[in-house]
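Shared between the two complexes below is chain A, which has chain B as its partner in the first and chain C in the second.
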Partner chain A sequence: MGKYLIRRILTAVFTIYVIITVSFFMVRFMPGDPLQHLVGQEEYYYLLDTDPEELESIAEKYGLNDPLGVQYVRYLKSVVTLDFGIAYSNKKPVVENVFSCIHWTVLLSIPTWILGGLLGGVLGVLAGWRPGKRLDCVLTPIALFLNTVPSNCIGVLALALFAYKLRWVPIGGMTSGIGTGWVRTLDILKHMALPLSILVLFRCSGDFMLMKSSVSQVRHADYTTTAASKGLSDRKILFRHVMRNAMLPYMTSMCMQMGGLLSGSMMIETIFGWKGMGQLFYNAVSSRDFPTAQFCFLISAFCVVMANLLSDILVGVIDPRVTVK
Partner chain B sequence: MKRALCLLLSAVLLLGLFAGCGKQTTPETTAAAGTETTAAAETETTGEAPKKHVKNLVIGTTTANTTFNLYGQTDIFGRINYVNFCRANWIYEDENGDLQPFFFTSFEISEDGKVLDFTWPTTAVWSDGEKVTWDDIDFTFRFLKDTAKSSSFIHLVSVEPTGDDSGRITFSEPDVYGWLSGSATMQGLLPKHVWEKFEGTDDYKNYTEPDAAVGCGPYKLVSYDVDAQVSYYEAIPENNYHGEITVDSVTIKTYADQTAIMMALNAGEIDCYYAYSTPIDATLIDLISDSAVDPGESIYAGEDQITFGMTRPAGSDYQFRLAVTKAMDWNLLTDAIGGGYGEVPRAGIIPPSCTGYLDGLPQFAQDVDEANRILDEAGYKDVNNDGIREFPDGSEMKILIVPQYSKKMDLRNRIAEVLIDNLKAVGVNAYVDQEIIVSSEVWESNIQAGNYDIAIGYTTAGMARHTSAFRYYVYEPKPGTERSASWLWGTYTDEEFNSTVWRMLNASSREEYVSCIQWLQQEAADTLFGCALSWTSCFYPYRTDKYEGWYNRPSWGVVNDELWYSLTSK
Partner chain C sequence: MLEINHVSVKFSADSDVQAVEDVSFVLPEGSKLALVGETGSGKSVLLLAILRLLPETAQTRGDVLLDGKSIWQMKRKELDKIRGAVISYVPQGGGEALNPLMRVGFQVGEPLMEHKGLSRKEAEAKSVSLLKRFHLGDEEALARAYPHTFSGGMRQRAMVAMGIAADPQIVLADEPSKGLDEKRVALVAETFQQLGEKSLLCVTHDLLFAGKISDHICVLYAAQQVEYGPTEKLMSAPLHPYTRDMLRAIPENGMEVDKAGFAPAHTGYENFGCRYRHRCKDCMEVCKKMPPLFTVGDEKVRCWLYADASGTADKDL
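Moving on to the complex of A and B:
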């Protein structure tokens, strides 16, 4: 187990280093002059006409004229010290921008992860244990539908119906900026109701299908038949034998979903004006704000690698055979 | 199991409450929040009926509501200050493009265009309660010249008081009109007591302390909530530069996108929309479902345009250029660009909402037969009977179309498709180089070197205001500068044309500007070195049920310099 752990941790560290390096070169070799993106196309040409020295000083300030090697070393240093410089889009420190968004993403993603995971898991077990029964017949088509329709499509429709037509919830945003304390908390809950519901529905449907499929596979396994022949009740067979064995893919999936907790749901955040990490990343890419995009990408990649590592460890604990291989 | 579930659900709820309560702090109150303004109407005893003030105007935008810097141009604070909001700009431009007094209560340009005499309001106050003094005026010009290094003040010689409420600005060159019309409408007074801490090396544009928002415009920033993307403003009655301020307070709210803006307008959450140079997309206008919402339609000052490669075999031939304009499906182009809202342009390139528009030039119209006849007569014939015309010397003719690399690439690619189809219909083989449309460097090197037969570009409303679309056709660099370090996309080498564009940009009076821009329109009509593709409408919607006195300024919308003094409650 020890060797297995060390091997996994080293792989994770190496993967992170590769990601950091790839992200550096990927951004540098993207089409487009970063200086033009930095000041905007119209402003760039205006300055070229009226004040070329100002353009030169901006390039100097952001180190755009330095050789690639110098930029790479500076970049590695900045990753270690979490100093990603100033965002092109609003001229504020990138880290400040990211930290002002991250808690809003967590506010949506953790409840989604827990509620969606629990609901999907439990309903999936029940549907998989009794295939063809009413619960399965009702939930499976709904889950399939949700799995095949893009979340942004449902998001826009839900926004138009519940926020615009029925006026049950506000039209986007995270808060109306009214009041403090409980008033503000309730206002935030009101704003998050719709995006959270949609995210939970989508997460739930994915986990439902996965769990249903896992349970369906193990319910006819030899040990299940043996347990039944010993006279154990359905409940005991399900929770003691079937669920435990069906849990492995579900656990892996839940761990992998943890990797997305900080990166947010780009589409849903954008549609609902939720100023989280997803929208920050989306805006950074749209406006070619390289420092912000890079930091968002690294956070996301780091979380995925860590989630992968956690998943490997947990699977190793649940099924020690994996560590021997 | 049940207990575990209950515990987990409670944890989720607590997390939600914790995150919500984490931002329970009252909206960050800035130094600008000093006194409170009463909502009561403040009318002078002139015998006129008192104006019914607007208590709180709610403006929706898609621009971020995060940075509040009087000198900055980012975010909605920087952008709404273009229309004299928290900043008092020196002057403003009215609907006819005429320069009107604002902070300068009056101004006069000397005959040689080098001296500006002005008066200023001694009653004006800063939003933190300090009085505006001559020192602030003197400081601002020194700041702009020495710290911000504004190109408008390269030839500034002196700024001196000539009386208690008057002053004189002297340049060594006739730069006064160029500065007034080019940037003085979007540039205003800075408080010395806040900005004197900055020297040349300081990054004053990124200054974010609360006093960065202190201004002497008709409004002051009271508070803002970055999480809610809302900011709140109150009127400063003393700063009534344009008359009685009739809108007592303003709330600016940022939405995720224009669709959300349209929903908010229909729902009555906001009263109007504002975003600098970003009207509501024409395809969203059909979302208006409430009769109280006016689409706020006006003619846009910017436009999409084409430039002919005048140094290449096809583009250098007037007959070819004329045939192209006859082959183009103008109605389809207008639909593609303006979503059906707009009109087929005339030959002078710039639309009627631009200063110095020359009326009476011919309007384009598709005439495929005429295009074929012109090409035949000019010698562009299909000599090898493959359905494609050749150059008059019999060599292969392939027309390179280069769409401008930009955020709106998809629209310009669509325009290129229409042009390719239109030219194909008259036997001209046109194409787009795939490498050019995926790389800004490749596009730029081609456009700078004049490697195109037809270039598709665009002019924003901001550029159209003074610089105009003609700047995109220039071939010769600005007199006294080097070609290698210049932004030059045009290929029309005519000396008079080039010198006229630069003379227009450095005009020392409105008369000179208008005379130059009208000559350029006539030249465009006569030689067809380029043409507009469509004159589109733009939309800045607003609600008409609660307030009256809206004035929809073409290309800017209802949120303009005059709104704060004209809007009243019904």
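Moving on to the complex of A and C:
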């Protein structure tokens, strides 16, 4: 186990290093002068014609004239010190921009992860353990439907029905900017209701299908028959023998979802005007705000690698076959 | 005493699959019976059916009695008290019959926790001494190990240890010699010879192995019982042409194998006549009709050759 753990951690650290390096060189090797992105295309050509020296001084300021190696080392240093520079879009530090968004994303993503995971997992176990019974017959078609229809489609329809037509919930945004304390909390909850419900519904249906198929597979495994032959009750068979095996794919999936907790759902955030990480990333990419986009990318890559590491460790703890080479 | 009364098992898929058809025999206390047959003859399904371990899709007819009481009519709670405690099941060693995520010692000792009220710790300690009976070597370490570190032969012996853990009266074993080399087969046979007073119902496709461990043999062919008799008699003077052909196919007897055909598929059995008909060297006109189970002395055989020799024919069919 110790050796396995060390190998996994080293792999994760190396992966993050590679991601940082590749993202650095990818940006540098993109066609065109980086100054173009920095000052904007029109401004760039204007300056190129009228004031090339100004352009040169900007390049100097951002260190774009230094050799690639020097730039690379400086970049690594900035990553380690978490200094990701100034956003092109609003000239504020990138980190500050991100921190003003990240809590809104987490406000949606963590409840989605927990509620969707628990609900989908539990219902999936029940449906998989008793296939063809009422619960399975009702839930499986619903889950299949949700799994095949894109979330943005349902999102827009729900918005039209519940927010526009029925006026149960606000049409978008996170708050109405009124009140403090309880009033504000209630206001935020009201804004959260629809996007959160949709996210939970989708997450739940995915986890439900995964858990159901996993349990129904393990239910027919030889060792389940063996367990029954010893005189174990159904409950002991399920919780002692079946669940442990059926949990493996579910746990891996839960860890992977954890990796996405900070990146947010771009679709849902855009539809509901939710100013979270998903929207920040979306806006950064469309307005060519490279420092912001790069930082968002790094956060999401870092989280995915960490989630991978966590799932490797957890699976290694539960499944003895994994830790042997 | 275990009585198998006219047991049939059918699986309904696109077309019905008759896996076991009207099989009856008795397993008196302390006796050892081998169920012999080729792949698909229904022997493993029959074994699973006894303790109701088949999937829900299986349709069963007939009855299984334990000391006169029907196992098939029992409530689940009652059945759980029989499973592992009075009748135990030893699964095939090849697949994942042991839970891959649990230590072997725990799994071997689990019936003791279930039926003898032992704590987990006590059961695991007991499992070491159980494993020791089957000479696995360094049993303490093996009890703490996981199944994937075991070889096929070790797994098989560990599962026999698991089967006898709660000291049952009857052991049902499914192909315990499958996929093992000769030395390991001999080891497993030795293991079964140590069962002593316990009854054994062992499914196997290996006639030689059956000869070593049983006092009676029941031969199944295409879901039906074709011959039943004392092991010695059946091995030296088989009655049914199928048993004769099977014995001739054993390497020691010249390995004479007629590759002409296989058993008929499990569908469309009605009006088929004797199911061994198209492979049989003694096939006659009458074989287009299904022969009943004739009784010849203390043996039973499903073949028209013995129509005259038999006193009574099993008219149930």
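In this text, the second predicted complex is superposed on the first by the 281 of 325 C-alpha atoms of A that agree within 3 Å, B and C clash if a C-alpha of one lies under 4 Å from a C-alpha of the other, contacts with A are read in each partner's own complex, and residues count from 1 in each chain.
Following the convention adopted for this analysis, contacts are C-beta pairs under 8 Å (C-beta built on N, C-alpha and C of every residue); 3 or more make two chains touch, one makes a residue touch a chain.
Since the model is a prediction, treat every value here as computed from it, not as a measurement.
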Partner chain(s) touched by A:79 [first = chain B, second = chain C, both, neither]: neither
Touching partner for A:221 - first (chain B), second (chain C), both, neither: second
Which superposed partner A:127 touches (first chain B, second chain C, both, neither): neither
First, second, both or neither for A:277, with chain B first and chain C second: neither
Partner chain in contact with A:174 - chain B first, chain C second, else both or neither: first
Larger contact residue set on chain A - chain B or chain C: B
First, second, both or neither for A:251, with chain B first and chain C second: neither
Chain C-touching residues of chain A, taken from the complex the two chains share: 220-223, 225-234, 241, 244-245, 318-321, 324
Residue ranges of chain A in contact with chain B within the complex: 31-33, 36, 41-42, 45-46, 48-54, 86, 89-92, 100, 103-104, 106-107, 110-111, 114-115, 118, 156, 159-160, 163-164, 167, 171-177, 180-181, 184-189, 192, 270-273, 275, 279, 286
Footprint of chain A on chain C - complex, ascending: 48, 51, 53, 55, 76-77, 79-85, 88-89, 91-92, 95-102, 107, 110-111, 114-115, 146, 148, 159, 162
Residues of chain B touching chain A in the complex: 5, 8-9, 11-12, 15-17, 19-27, 64, 66-67, 72, 74-75, 149, 151, 205-206, 208, 225-230, 254-257, 259-260, 263-264, 266-267, 269, 406-407, 438-442, 444, 460, 462-463, 467, 478, 485-487
